[in-house]
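In what follows, subunit A forms one complex with subunit B and a second complex with subunit C.
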Partner chain A sequence: MSVPSSGALETSLQPDQTEGGGPPIDETRIASRWSVVFARFRRKRLAMFGLVVVVLLFLLAFIGPYLTSWEYTDHDFNAFLQGPSTSHYFGTTQTGGDVFALTMRGMQKSLIIGILVALFSTGMAALVGAFAGYFGGWVDRSLMWFVDLLLVLPSFLIIAILSPTFKGKTWLVFVVLLAAFLWMVTARIVRGMTISLANREYVLAARFMGVPAPRIIFRHILPNISSLLIVDATINVSAAIIGETSLSFFGFGVQPPDVSLGTLIADGTGSATTYAWLFAFPAGLLVLIVLAVNLVGDGLRDALDPTSGL
Partner chain B sequence: MTEPILAVRGLKVTFPGSAGDVRAVRGVDYELRPGEVLGIVGESGSGKSASALAVTGLLPQYAQVEGSVLLDGKEIVGQDDEAMTKIRGKRIAVVFQDPLSALTPVYTIGDQISEAIRIHNDVSKEAARKRTVELLKLVGIPNAADRANAFPHEFSGGMRQRVMIAMSIANDPDVIIADEPTTALDVTIQAQVLELLRKAREVTGAAIVMITHDLSVIAGFADRVAVMYAGRIVETGTVDEVFYSPRMPYTMGLLGAIPRADETGDRPLVPIEGTPPSLLNLPPGCPFAARCPLVFDTCREVEPALIAVGSPGHQSACHLAEKIEAGGWGPTDVFPLPELAEAAVARIPREEREVVLEAKDLVRHYPLLKGAVFKRQVGAVQAVDGISFDVRDGETLGLVGESGCGKSTTLLEVLELAAPQAGRIVVLGRDTAELSASDRRALRRDVNIVFQDPMASLDPRMPVSDILAEPMRAHGLGAKEIATRVRELLRLVGLNPEHAARYPQQFSGGQRQRIGIARALALEPELLVLDEPVSALDVSIQAGVINLLEDLRARLGLSYLFVAHDLAVVRHIADRIAVMYLGKIVEIGDVTLVYERASHPYTQALLSAIPLPDPHKERARRRILLEGDLPSPADPPSGCRFRTRCPKFAALDEERRRRCLEEEPPLYGLNGADHAAACHYAAVVKVV
Partner chain C sequence: MAKFLLRRTANYVILVAVATSAAFMLASVSLKPRANFEGRNPPPPEAVVDARLTELNMNDKTPVLTRYKNWVSGVVHGDFGKTIDGNSVNAELARRVGVSLRLLLIATIIGGLLGVLAGAWGAIRQYQFSDHAVTMLSFVILSTPVFVLAVALEIAAVGVNNAVGTKVFEYTGEFTPGLQGGFWTHAGDRIQHLILPSLTLILGEIAIFSRYQRSAMLDVLGQDFVRTAQAKGLRRRTALMKHALRTALIPAVTYFAFNFGILIVGATFTEKIFGWHGMGEWLVDSVTRNDINAVAAVTCFAAVMILLAGLAADIAYAILDPRIRVS
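Entry: the complex of A and B
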């Protein structure tokens, strides 16, 4: 049953440097959990590739605007609906806007929105679900009642009612709003998984050792459902980027002349077959973002799961 | 000599896989004559089950089976499934280990047995039904006609195994293959099932292949024994030869590793170092070479064949078999006896030692609730109902009983360190009812637990270093101190500190349990609570863990509360023992007194049900078989809780019975010694 330990793990450990068979000196370096996980993650080529792509996309989004002379607010009245060229890398829009500048501007917003919303909603789901499942009783009942309430409330109606309040405020408010309507189903799943984990012997053992409940949740419960959480978070990245467009529709969040990948894609969809560059560039970058995040997520999941045979 | 009914020759089973082929069975030969019982013994992964499944054709499609299996002279290897269906159930019957998963939950017991009959015989529904009831009666199911309409979940584990046996003998088979038929059962139920298998053999005249990991089970049951290791038979012969003059070091090691219920615990067990080899890419040479104390160069190069030694029929696969035969070596000559430390505290008389744990009239009832919205209590499961015991410094109290007797509940109550429903728990002189939250946390340093299943009790997502560091972090030790201690702990339990970054599943079962023990020792506790710590381990590994526990107790001055159902293990390790039945302690006292002078009828039945790894003793023993199953703890019998199954109660006259019916027996002290039994009519019976 014992699997030979991987090369990277072996090298991270210093063997006893004793001579003559005397009593070993306790110099064995002991790797902690996170350094082991990190070492395992680094060995995943695809995951590292995904991570590099995410970093490059961030760099592109924030450095890209300086690579062109056009601002996203500029209009080139000599070039309406022109294809990609040396002056307009991604072509131009109906009003002569530079698609490259617009896409870079949109990507700045969307990357941050996508990743923040994913982290926020999955984190919320993990916390609420795990605490409800672990403690049970009235904690469970009240938290689940709250989850059910949010589930049955029509989210767009709430946002429509709330939007005047937030009008003109920073668009980050709406990261919170987007996340607030994404986490409930996952929270229920997390709760169910927690209930089955809470009776495992290793959780009991930790309890009998005097480990406080919140620490048990963070050290034992959440790592053991990390596969679900990571899959959930990667899906939420794309859901948030797309979902943001529907909120923009309410006149809320990213508003013209400001743009996001979502609004660009929504505007470009109609021209996808005729003026392909309006649609293909923002959509292609969205696909790239989602793909890269998925690769990172897969790598993280495998790094956390010792049975994945790394 | 009669013709063999089943002849297996050169049987090989290979499971192809992406990482390489797993050669689970690597050439097995045996013969079985009508009415004979062959015991196949081996540890997990030795290929014993795969070889039996190959005979029945029940292996998955992708498994490659080579060799020949002759059933009554006809080849059955390579037959298609349709042809095998005619043989299975009719000529070869199988009894599986887990009777719950072997029965379909949605059909009644009667339907399932009738189905087995009607598949192979052209009989009417009514006739099949009649035969079903007969069979159920034969295997000792009370009210057979009614119970035939019950569903599998309405039967207890022992009852289900009886049903399985009824089904296997329904068509008068020539061969019954019993694959660990008693492993999941309690010891008294195991005795019942073994008795039933004997009866089944008498009724049908079938030959039985009994597959087990437990040498004791076959000592009194089998005629011949085959010991399997790494996919091959390494020793075979009659029971007496294999048990009394083993000629293969592995067999010797197994025999030396078994704790015995009829021996005091002074003799240290002989562990076999190391773990069985992986059947994937097996190196050349004898597969046991890496663990064998007699190993020499040839062993690592040439795999020994089975050769005859001593009396006819006795074969051993060892290059040194003749030398062993000539020298008449026994297990202790081959395996070095480990030296165990002796505790300093052992010399102080028990009464003068500090009381580490005291439970007084401890009660734990679980309410039975009814209703969906407004729950009302309709009764209580009396899991623990007023038990008292104490554990003193440096001693081991064994808490034994069958499943459902409340021993695990007792242990959890102690570990909660909270006020019990009734009664008192005093840990290291502190009453748990009076503890503040911070006191309780501080006290957790002194009491720790080792669980039964080393896989389930270690977080699979944590490297071993973090698992061991966790209790120390929880109690605020510094990072540097923790790192030093982790290394210390790993060495203490015999593991390599270099492996600290590995995950639990990269270790074998025995090693995992050592990690569990190391974690429990991290905070230098006074009292260790052990919940069946060795029952999930193979015999050869188990011995090493038991020795480790004994050694640690002596060296670190620990006290143990040892919960187990294996009475042989308890006798070996415990100083005192408490026998529980249905939430009560029925007998308590010094371990030698309780085993040698068992006074409660339940203890006597329990002890008489333990199989001994000694064929002569085993055949001469008379078992006290208990009727039926454990009554529901939600509705225990009045008076003495054991009376419904008590053989003594059955023999009493009306007048004396009344006392058992009406008066609950307290623990009566016996002869002023450290021994008490809760029976109005306690009398010593020697059973082991």
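Entry: the complex of A and C
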């Protein structure tokens, strides 16, 4: 799970002038960097498997609800705690809720929260890390001290403490909070890479031409660490999903009547050994999602940076 | 070396103080202890509630800074105040710390050792069957949240218990209440209860550390000094253990401190699911019961544990890397 060292990344990152490593197919068509990356990714069997699973799970989460006549809020008063059957694919709960419809709804919520949190936190890491690394001095010191502080504070604990404040409010508050505690490690890595990039000729040239610092960061620094950010965002999706379900498990996250995979698993835990379907379906799908996203992230890292050891 | 450790300690102590204070402030603002009294029937008069909350230093009518000042003056004298029921936080803390520490220590030591060994072993046998097996297993475990892993182990334990016909594994509580028998009966009973919660945390630790160690070891194995060590006549085993593994441990140590926070959160789930009355369970319960002082105490415990892990990592650094010792 380590992140490639800056040196290794830069070699794979000489961007568009080298046009990847592959031989040109013919005079007019030269393989672009991204098509090279894609070709490398396609050769990884596990990563492709992960990608297919992620796509299928997404389709399931958003098309699945139309495959059953039950809504996630419905109660079937003729079937309490029934095992999987043709009318209730995943069985029913104590109150006759349809576990399939509930799980689909929970998957939607967990997937959306995971993606939003990953985007937020990677963006935040890129900004903080790049500004700290580019400006140096007291900006760097204070930002990094803040990063250290957030690393010492167990994020789970802080979000748990704050959970009463977002009870009854939109779940987007929860997304922001989750993201606020996921960006620190990446910010440190981005900072390190920015420091090494800040003295490159093209950055210096831009600076001496009078390009303002924020523009240099957005136009020259961040595009050059894009592969790190892409891999990080992917891995963060799975980290965010685990974080979200963990907090929801204790009732600190997504609040009823809404459901997420975490709340469903929490409801199923008590009867996991007697009414297995209550636990097994949401838990199995959760593990499958996280595993598939991790496989994609790992494959992406290898494809973007063939020299990374992991 | 001593100066290096001293400077690190000072930095950590400041971070712990800030972290605990932040937790107290956040908890004071976000938790509503008043709600605990308002729900009663008949509702107690407001003056009584105010007096009670002021006594507990949880009155939301007192400014947060004043309450913070009261709380700090207690904490510097070693008193974390009172729980929402009026009991001493310190007494509860003393009861629970041992429970959590046992889990954390066992998981860190056994999990860390086995994880490092598994990772190093995988790196030496790169792309062989055993390497693939370790990598895939750790990938699956890393993708399984602790609460799913714990319940899955519980289901497996029930299966084993049913198959064997006796209760080999226990999965509720720390010991069997009211158990009759001598020292060995009690010790055996405690071990039976300890296996599943420990295993939950150990598996996670092995997965994480084997990944770190494998990649660090692969970086080192290709380097010249390992080849030189073997070329000058060292046995392969000595070269790998003394030269490669030792160097490859340095990056893994970096993750140790960082990982400890995750382990504490993992212990929270483990305690809650297996019914252990430790710090993690206390945190979850105190947030739902609006118990501000207890929340601050648990945060302090977590921060101190991360501090100790950080210090242990710094010392391990100094032992492993002579450059830090000399400079």
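Here, the second predicted complex is superposed on the first by the 177 of 310 C-alpha atoms of A that agree within 3 Å, B and C clash if a C-alpha of one lies under 4 Å from a C-alpha of the other, contacts with A are read in each partner's own complex, and residues count from 1 in each chain.
Note that in this section a contact is a pair of C-beta atoms (placed from the backbone, for glycine too) under 8 Å apart; a residue touches a chain by one contact, two chains touch by 3 or more.
Note that the coordinates shown come from a computational prediction; the quantities given were computed from them, not determined experimentally.
S.K.: Touching A:L162 in the superposition: subunit B (first), subunit C (second), both, neither?
M.R.: Second partner only.
S.K.: Is A:V287 touching the first partner subunit B, the second partner subunit C, both, or neither of them?
M.R.: The answer is second: A:V287 touches subunit C but not subunit B.
S.K.: Contact-wise, after the overlay, does A:S226 reach subunit B, subunit C, both or neither (first, second, both, neither)?
M.R.: First partner only.
S.K.: Once the shared chain is lined up, is A:I265 touching subunit B (first), subunit C (second), both, or neither of them?
M.R.: second
S.K.: Is A:I115 touching the first partner subunit B, the second partner subunit C, both, or neither of them?
M.R.: After superposition on chain A, A:I115 lies in contact with neither partner.
S.K.: May I ask you to decide whether A:V36 touches subunit B, subunit C, both, or neither, giving the answer as first, second, both or neither?
M.R.: In the superposition, A:V36 contacts subunit B only.
S.K.: According to the stated criteria, A:A205 is in contact with first (subunit B), second (subunit C), both, or neither; which is it?
M.R.: After superposition on chain A, A:A205 lies in contact with subunit B alone.
S.K.: Taking the superposition as given, does A:I242 touch the first partner, subunit B, the second, subunit C, both, or neither?
M.R.: In the superposition, A:I242 contacts subunit C only.
S.K.: Do any residues of subunit A touch both subunit B and subunit C, and if so, which are they?
M.R.: 1-2
S.K.: Provide the residue numbers of subunit C that touch subunit A in the complex, in ascending order.
M.R.: Touch residues, subunit C against subunit A: 15-16, 18-19, 22-23, 26-27, 29-32, 139-140, 142-148, 151-152, 154-155, 158, 208, 211-212, 214-216, 218-219, 251, 258, 261, 264-265, 268-269, 272-273, 283-284, 287-288, 290, 295, 298-299, 302-303, 306-307.
S.K.: Hey, which residues of subunit A end up touching subunit C in the complex?
M.R.: Touch residues, subunit A against subunit C: 1-2, 148-149, 151-154, 156-158, 160-165, 185, 238, 242, 245-246, 249-252, 265-266, 269, 272-273, 276, 279, 283, 286-287, 290-291, 294-295, 309-310.
S.K.: Under the touch definition given earlier, write down the residues of subunit B that touch subunit A in their complex.
M.R.: These residues of subunit B touch subunit A: 275, 415, 440-441, 444-445, 447-449, 451-453, 456-463, 465-466, 469-471, 474-475, 483-484, 486-488, 497-509, 511, 516, 519, 523.
S.K.: Residues of subunit A touching subunit B in their complex?
M.R.: 1-3, 5, 9, 12-13, 15-16, 26, 28, 30-33, 36, 200-202, 204-206, 208-212, 215, 219-220, 223-224, 226, 304-307
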